Amino acid sequence: MIITLKISGKFFDEENSANLEIIKKSVLSLLKNEHRVAIVTGGGGTARKYINIGRRAGIREAHLDLLGIWASRLNAYLVAFYLGELAYSKVPESLEEFIEKWGTGRVIVTGGFQPGQSTATVASLVSEAINSDLLVLATNVDGVYDKDPRKFNGAKLLPKLNTEELKRILEFSQSVNAGTYELLDPLAIKIIERSKLKVLVVNFKNLDKLLDIISGNINTGSLILPV
Amino acid sequence: MIITLKISGKFFDEENSANLEIIKKSVLSLLKNEHRVAIVTGGGGTARKYINIGRRAGIREAHLDLLGIWASRLNAYLVAFYLGELAYSKVPESLEEFIEKWGTGRVIVTGGFQPGQSTATVASLVSEAINSDLLVLATNVDGVYDKDPRKFNGAKLLPKLNTEELKRILEFSQSVNAGTYELLDPLAIKIIERSKLKVLVVNFKNLDKLLDIISGNINTGSLILPV
Amino acid sequence: MIITLKISGKFFDEENSANLEIIKKSVLSLLKNEHRVAIVTGGGGTARKYINIGRRAGIREAHLDLLGIWASRLNAYLVAFYLGELAYSKVPESLEEFIEKWGTGRVIVTGGFQPGQSTATVASLVSEAINSDLLVLATNVDGVYDKDPRKFNGAKLLPKLNTEELKRILEFSQSVNAGTYELLDPLAIKIIERSKLKVLVVNFKNLDKLLDIISGNINTGSLILPV
Amino acid sequence: MIITLKISGKFFDEENSANLEIIKKSVLSLLKNEHRVAIVTGGGGTARKYINIGRRAGIREAHLDLLGIWASRLNAYLVAFYLGELAYSKVPESLEEFIEKWGTGRVIVTGGFQPGQSTATVASLVSEAINSDLLVLATNVDGVYDKDPRKFNGAKLLPKLNTEELKRILEFSQSVNAGTYELLDPLAIKIIERSKLKVLVVNFKNLDKLLDIISGNINTGSLILPV
Amino acid sequence: MIITLKISGKFFDEENSANLEIIKKSVLSLLKNEHRVAIVTGGGGTARKYINIGRRAGIREAHLDLLGIWASRLNAYLVAFYLGELAYSKVPESLEEFIEKWGTGRVIVTGGFQPGQSTATVASLVSEAINSDLLVLATNVDGVYDKDPRKFNGAKLLPKLNTEELKRILEFSQSVNAGTYELLDPLAIKIIERSKLKVLVVNFKNLDKLLDIISGNINTGSLILPV
Amino acid sequence: MIITLKISGKFFDEENSANLEIIKKSVLSLLKNEHRVAIVTGGGGTARKYINIGRRAGIREAHLDLLGIWASRLNAYLVAFYLGELAYSKVPESLEEFIEKWGTGRVIVTGGFQPGQSTATVASLVSEAINSDLLVLATNVDGVYDKDPRKFNGAKLLPKLNTEELKRILEFSQSVNAGTYELLDPLAIKIIERSKLKVLVVNFKNLDKLLDIISGNINTGSLILPV
């Protein structure tokens, strides 16, 4: 199987190496089972820091996006260097470069590509380009809920849903200001739809049990299927 | 003023050089009046040809997008070479490269950047990045109508509208299959909104009178203003 | 064996995917038999279209060559994307880059390199650089004839000839205008001579039987041997 | 005059844009007086954050240096984007690229180049390559003291000294662990000596008065002269 | 006027800087008179040294060509660095890159581009691409003779001739072994013919009087005109 | 084991291919025994030639360093081309590029990276980045002596020493003028210390017996161990 892991930037904010260890464990178990792995990292706190300074200073949106992209690449380099021989050491800066490096057979770790694209969109494009069987979104909630669990007490986690249901649940933010992209923005969803990608939303802290989750031994997260 | 010209790919389909001449005239008159010009070219028939062969052959959507992008770059090279000393001779392959070349002071001609982005989105990102005062969409209709003029007899051209009105008029196609992007797709509109860009939709055949249109001497086209 | 396939640009002019299928079959059978394969694609109708518009518009010869080269790269990308995992996804833009990518062990697909060089010269240089055992020219005639078969009724196909005989037969066009290069121009022949390359001219429609032709099971085409 | 500004990474740590404003003021006043300006930014807190996580995770020194270099480039992009049209938008990644971009006539902003080189060494190499009349080290102390002012009460600021005196004062740290480079490491000093560069150490908060300091209207900082 | 100077590699073989001085004088006088200058350097003794070692060691012709090209680039860097601010500091590695850098308005210095192309061909392509009014071949003889002056006593220098006469005089070597290319090989002549370039052959030691030679104040060298 | 071979530039000065053969033998025996090999080449006579001309002509130190670096890359290409399929055909131009190419599994051959860095420093950085078990310095003496054997008769070769002893023996030249770097300059030693690299100094003419030297079957050279 070919698996794309999208790792939210917030997991690089804490100055410890435990989160790197979770990613490595996950990758190692997948590789040992003959799967191939691509990783897309978000920009997290570093991106926010630079975008904040830049916005206060009056830098334009497209350039703020670029600062966020470079921050996400810094996170990508951290993962790539930590994975060592398992990963390709250079972080690609476009989908074309990603596809090219994918041909090496290594784990390819990438950050953002272009202004106006969230790293979720990057992960979708990557999944499409390498024919991923599964796009895993590692985030800080346990999956997709029928309503926002931070606002509604009775919010229920949905173990399985389709993209039409997802779109109804998500109130898509119309804003695409740098750094404020949601889990899955409209463009990401369109890519997911046009290539009928399968998406799994899981809590980052369960990422090292991904093999068991995929095989159904552990029930957690939400699986989003094409209509 | 800084002006971005988005030229629909279909104007490269006829094997004559008259359309190149229209573009050059437009650029020359703008430069003579101290404006700066950026040009974004669509992929047109060449893009469709390669995407069609590729889709029939089962090539993936992301790669079809890449074929379309390379075709749009071919159109961009044709324009850049025809403009000669006025333009930068290299077609940028990303927004970062575009911004870098823009610093040379020349006309920069570009095609597409990344899969999942229409050339309209590219034109919006470029406009945002270089702080364009006006994004001109040169197309084969006279502007934006209140309904589709190909279907409705009484369709009226709107000389002025805002982005909210535009969104109501356009029935956005949900499909983002390679080669089927509309005049302005949702992502392009979001960029236009977040940076409050001014957009002028004009008929390509009037492009050489752009100065007069901008100054109000000629009344044609539709001006789209931020809310 | 190491085999270089030079595929005439005209086989990309028809908007069907059958010709892609012939190329893939040929490549698959060669790879299955432990051969290595390099592919060079011509520019064909797309090249002619852009060169024609450009020449009418007064663009210089060197730049027309560049338009032709970019068109040939578009054909190369089409082949590379169709071959998928078998091929390297990036089309090299110089011999140095070709040699570098050749080290990956994949099929490398390339178009033109530099103005003033036909894609036949590119194929010869590539053959020399990677020590090809055979340079196959896939074209729309059955091989080399003793006179031009389009003009002379009794023209006979030569199953075997040497480079000296070839040079006598070919009346080398002295023109090197962009887009008018012959099957084998003088520079291509010089490279073939200096490195004593073996050349096979075959009809493109027989390309999928290349293994049988090479092994002598099928008699077709013309073999050109060094003196 | 040609002036190289080396800005310590720590001035990018606070999430405000005031420090960017100081840099811009300094650059604007220099440019208005026909000077040319190159800027080298340190990695600061962002570099330390990534190097710390990486070191705890067991990543090798050369790769930790690379993380620090990418962090310093993020700071360089922030400055370049803030300077807008005054600066070249691309941050060079080697001295060769720096020299190339310097030819554009713009302010060039750079971070680190290669592992094993501090950004002070980068600033020295840059000064040498572009024939700088002055290398300004903007730091958080008022200049060079005869002893360490943080340890000794009676430490005196030296308004003028030569490189021999400097070397005696500085107890060069033998360690070149990533992120622990001093103000001027031995390699930086050797470059300064071999090309007889003039160095001015000033407090960052006085950077916007640089013109007055250089012309002698304001007495602050330490001037280091070749022997 | 736009002038391309092709400087034979042999002028870099002597370890003195006098020849650099001749080149600089020539360039300075041309620039002062509002001409633009492109320079192409041969590989000379350095190229021969590396090609000789390589050939004895059995390295292939295409790779020997690459060694020669890198040697010619070393000569180009020497000239570019010596010209300082007058020249662009980066030596282009392809015609596309040459054209791109030419847009900077500086003197562009280049060595070879691709295997199978002499630096005379490079100079012809460059002349064609930038629309040179004159291609100057600086060599170690005084011009073109009616017979080989090293063999025939009564050989007469031809002050003016056309390309047809040139081709009759030159017995073109059929060999294109790396490093043995003649003053003007057949491909160079074809480029010269197709774009009707004007060529001046002069003795290198007169290069600093080029302005006087061009204006007719000094009679030396041979002028080759298109038919 | 991972082994870095640093080959002094002087072994490329003689115009024969015997030294290439020694390098190849050494590499082949190492690869056959499952070791991985990186090679760093010095600039030798070619570097000195260009630096000498350049210095006489008044070119700046940083640019002289660049000429020396390009010369070292020429030597690297010669080795890479001679090693053929064993080596990666492209010579990296930075440590980042080196690390990237190292991932291909081939022998990577490199010259210099950046001005201000000797090729010994390059070899140390490379060793650190790829986690080399041994850095072999192939030179023209038999190892490290307790005093300079060219000056003192009773100088004794040290079969084993540590970096502290090495530093005492070497009187480090303070000059870092282009082309005058010593066997191990201070920066190289610092890298060696910070990553505790093991260094073997051997006579180049014994390089083809490296396996026996490493295994202790042949006693020659000096082993430098971390403190």
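So that you can tell them apart, the chains are marked A, B, C, D, E and F in the order they are listed, and the count of residues begins at 1 in each.
By our rule, contacts are C-beta pairs under 8 Å (C-beta built on N, C-alpha and C of every residue); 3 or more make two chains touch, one makes a residue touch a chain.
Just so it is clear, the structure is predicted and the values come from calculations on it, not from any experiment.
A.B. asks: List every chain that touches both chain B and chain E.
C.D. replies: Touching chain B and chain E alike, sorted by label: C, D.
A.B. asks: Shared touching chains for chain A and chain D?
C.D. replies: B, F
A.B. asks: Sharing over half of the contact pairs with B-E by residue number is what counts; pick that pair out of A-B, B-D or A-D.
C.D. replies: More than half of its contact pairs match B-E, so it is B-D.
A.B. asks: Nearest 5 degrees is plenty: how much rotation brings the CA atoms of chain B onto those of chain D?
C.D. replies: 120
A.B. asks: If you average the Cα atoms per chain, which one ends up farthest from chain C?
C.D. replies: Relative to chain C, the chain with the farthest C-alpha centre is D.
A.B. asks: Taking all residue numbers at the chain D to chain F contact, is the shared part over half or under half, that is, same or different?
C.D. replies: same
A.B. asks: Please compute the C-alpha centroid of chain B, do the same for chain F, then give the distance between them in whole Å.
C.D. replies: 54
A.B. asks: Once you find the CA centre of chain A and the CA centre of chain C, what distance in Å lies between them?
C.D. replies: Inter-chain centre distance comes to 43 Å.
A.B. asks: Between chain C and chain E, tell me the centre distance in angstrom, where each centre is the average of that chain's C-alpha atoms.
C.D. replies: 31
A.B. asks: Return the residues of chain C touching two or more other chains; collapse runs of consecutive numbers into ranges.
C.D. replies: Within chain C, the residues that touch at least two other chains are 60, 63, 66, 96, 99, 104.
A.B. asks: For the protein chains shown, what form does their contact graph take: line, ring, star, complete or other?
C.D. replies: other
A.B. asks: Looking at the whole structure, which two-chain pairs count as touching?
C.D. replies: Every pair of chains meeting the touch criterion: A-B, A-C, A-D, A-F, B-C, B-D, B-E, C-E, C-F, D-E, D-F, E-F.
A.B. asks: Which stretch or stretches of chain B touch chain D in the complex?
C.D. replies: 96, 99-100, 102-104
A.B. asks: What part of chain D is in contact with chain B in the complex they form?
C.D. replies: Chain D reaches chain B through residues 85, 88-90, 104, 106.
A.B. asks: With touch defined as at the start, can you tell me which chain B residues reach chain C in the complex?
C.D. replies: 12, 15-17, 20-21, 46, 49-50, 52-54, 56-57, 59-60, 63, 66-67, 70-71, 73-74, 77-78, 81-82
A.B. asks: Show me the residue ranges of chain C that touch chain E in the complex, using the header's touch definition.
C.D. replies: 60-63, 66, 93-96, 99, 113-117, 121, 124-125, 128-129, 131, 174-177, 186-187, 190-191, 193-195
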